[in-house]
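Here subunit A shows up in two complexes: once beside subunit B, once beside subunit C.
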Partner chain A sequence: MKYLGLELLKLRKKTRSWLGPILVFWLIMIAYPLTIEASQENLEIGFFSVLWIAILLSMMFATEDIFTEDYNDGTLEQTLINDTSFAYQVALKVMIHWLLIGIPISLLSFIFSLGTNGNLSLSLLILPFAMMSSYIFLNLFVLGNALSLNKGSVLGAIITLPMALPVLIVLGKSITAIQLEINYSGFIFLLLGSLSIIIVSVPIVVSYIIKAHLE
Partner chain B sequence: MNDTLIIADNLSYKINENKLFSKVSFSLNKGECIHIKGSNGSGKSTLLRIILGITIPTKGKIKKSIEEDISYLGHKNALKSYLSVEDNIKLMGLLNHHELKKNLETLGLKRKLDIKVANLSYGQQKKLALLRIFMSNSNLIVLDEPFVGLDIENQNILSNFLNNQLQNEKGIIFTSHISCEIDSKTLKID
Partner chain C sequence: MIKKFIHQFASPKTYLFQVERAYKFILFFSLVVYIVSLIWGLFFTQEDFIQGNSFRIIYLHVPASFLSQSLYVSMALASFVYIVWRVKLAAYLVISIAPIGALTTFIALTSGSIWGIPTWGTWWQWDARITSTLILFIMYLGLISLHSSFSNYEKADKLLSWLAIVGAINIPIIKKSVDWWSTLHQPASITLTDKPSIDPSMLYPLIGSMIGFFGIIICLVIISSKYQILIREKNKSWIKEYV
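For the complex of A and B:
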């Protein structure tokens, strides 16, 4: 809990880190209706594709300097030699980023979905999908960011972007299932299963990658 | 190994084919201090990082009786420039430490609590980073060029602090190009 509070303190004072990705998401979603013929039918056609891509991009921005600052100022070295597991601290850091960025974006997804199609039950279903996908994307980009720690975040994003493609496919299929009113719970479990694996494995892998960088 | 904090046995390190140091051996007991000396690029900081377990030596072994109880200050101060002095102290987990007030006064930081670290001078930032060392209960203190950026008065404060720590049976390993009055044995690497 102590570490959680300290990470929150850092993020609270560094507004750009958490507000930036939320604004990017918001701007994409606002810009979407401006680019097409604004009829209800047209809006609904591409809405979910834009939504998932907006979440993906926002999560990419959210991890832009997740370790860079700590690497440059020497905090990572201090973290490495203290008595708490490094992988555990990475997992907490990712979770705090998700709480501050992923959750608001998921809530905005619900609001934008409701505003676009006016369907409350569909929009409520978007919420768990947005929450899970944002956490998965965040973990994937954290992995990329760790890989390219001193080489710039764009390289890391390029490395990990292909890993996010299966998640986008699942998200697309789940929306189709929901709209056709066929069983979509399989997709929820698939995302949940992926998330539970990623949530454990990514921090462990990332901790080894960062140790290698510091070496 | 009761009084021994660290035993380094034949440590060697090379980057690609470039040998930094080889066959470095030493032991550090409680209440002892080692001053690592060497020219620029001789591998002093790397040796410290090997002691900390951050870097793995090419050859040799390091045996520590304390695995997770080390205070370290390297070239980087581990401070957040966008946070105030007080917030940085909070990040270090020292805000409720009973000796905080005394140490802030000693280091002349008492009236700087609200100031952002980015607005402090290098020396003041160094002193803030030293708080971590001054208030830790670790049995081993590892410092990489701790006197750099400090004026004579603060160099003396740091030397006195380290000498007191030695009397309290702590172990100290440090590198420094600046001469200081610390009761230490010298380890020269080239």
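For the complex of A and C:
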């Protein structure tokens, strides 16, 4: 609990780290209508594709310096010799990032969806998909960032982006299923299943990777 | 005895001297088998009832696709061996396999695209099999770039091994993509459990080409791993004897 509060305080104080990704998301969603003939029909065609890619990019920015500062000032080494499991601490760190960045972005997704298509039930369905996908993306980029620690976030993004592509495919298919009014619950369970595996496995793998960096 | 054998063979020195002996035989045998199978498949089998002569690209496409996935699996296994038992040779093999894996995946994607034009009417389709294979190709490139970004080899090996293990999740996705999603790509014609759905006149040269291609790729992996060992063990006294 103490660690949770500390991490929350640290992230809250670094305004750029949590506000930056939200603003990036906002700007992409605002820029989208400017790039096409802004008729209702045109807007709806590519809206969800842009939405998922905006979430993906925002999560990429959200993890940009997740370990860098702690690595440079030696906090990571201190955390490693702590009594609490390092994997557990990584999981908490990711969760806090999701609470401060993923949740607001998911809520914004709902608002943008409602504003674009005016369909409340469809927009409400977007909410769980956005929440789950943002958490999955966050975990994947944390993994990439841990691998490329101190080597720049571009390398981390390159090596983990391929793993995020299946999630984008599932998100695209789920929207098609919702729009065609066919059963979409399978996609929700698929994302939930992937998320539950990722939530457990990524912090463990990340903890080993960071140990390898510090050895 | 087995343990002793593994420990002996896991030494880069023993590996290098052993593969040096086997390498020429494997290369000669594989080239002969592949060329014979290719000639058999290209000139002595009937054309396909539906696809015509375009099907003959299977003698390149199928072995390359099969090996692109097999190489990744072997890379993930070697990574596991390195992480658990700290066998140096396993780490050398992981980074040696990566560029060869990228090459075979590239061949699989390119030959698939060429085959797609006469059969599907398009060279590319964002379906599950093709997209997941493209992801595999990018994974290979990511692994290579990750390893090259560290000057400390030991750290690079560890990180590469972890990424290779995590990325192995893509392999069952590629394998089962044709069953899980409706795709343009046909399901596998040869499986371990069912009778092959391909005519024997096409099947035998295909098996031959797969064996031959496998041998050629093994030789490329041997060359690549020799290069890795020579770089990494350059300060050892036995390297001077070897060179």
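One rule holds in what follows: the second predicted complex is superposed on the first by the 215 of 215 C-alpha atoms of A that agree within 3 Å, B and C clash if a C-alpha of one lies under 4 Å from a C-alpha of the other, contacts with A are read in each partner's own complex, and residues count from 1 in each chain.
FYI, a residue touches a chain if its C-beta (ideal position, glycine included) is under 8 Å from a C-beta of that chain, and two chains touch if they have at least 3 such contacts.
Everything numeric in this text was worked out from a predicted model, so none of it was measured.
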Which superposed partner A:Leu165 touches (first subunit B, second subunit C, both, neither): second
Which of subunit B and subunit C A:Ser148 touches, first, second, both or neither: second
First (subunit B), second (subunit C), both or neither touched by A:Tyr208: second
Contacts of A:Ile55 with subunit B and subunit C, given as first, second, both or neither: neither
Partner chain in contact with A:Thr75 - subunit B first, subunit C second, else both or neither: first
Touched partner set for A:Val24, first subunit B, second subunit C, both or neither: neither
Which superposed partner A:Leu108 touches (first subunit B, second subunit C, both, neither): neither
Doubly contacted residues of subunit A, that is, touched by subunit B and again by subunit C: 215
Residues of subunit A touching subunit C in the complex: 143, 147-148, 151, 155, 158-163, 165-166, 169, 205, 208-209, 212-213, 215
Residue numbers on subunit B that touch subunit A, as the complex places them: 52-56, 68-70, 72, 74-83, 87, 90-91, 93, 132
Residue ranges of subunit C in contact with subunit A within the complex: 128, 131-132, 135-136, 138-139, 141-143, 145-146, 149-150, 155, 158-159, 162-163, 165-167, 169-170, 173
Touching residues (chain side subunit A, partner subunit B) in the complex: 2, 6, 9-10, 13-14, 69, 72-75, 77-78, 80-83, 211, 214-215
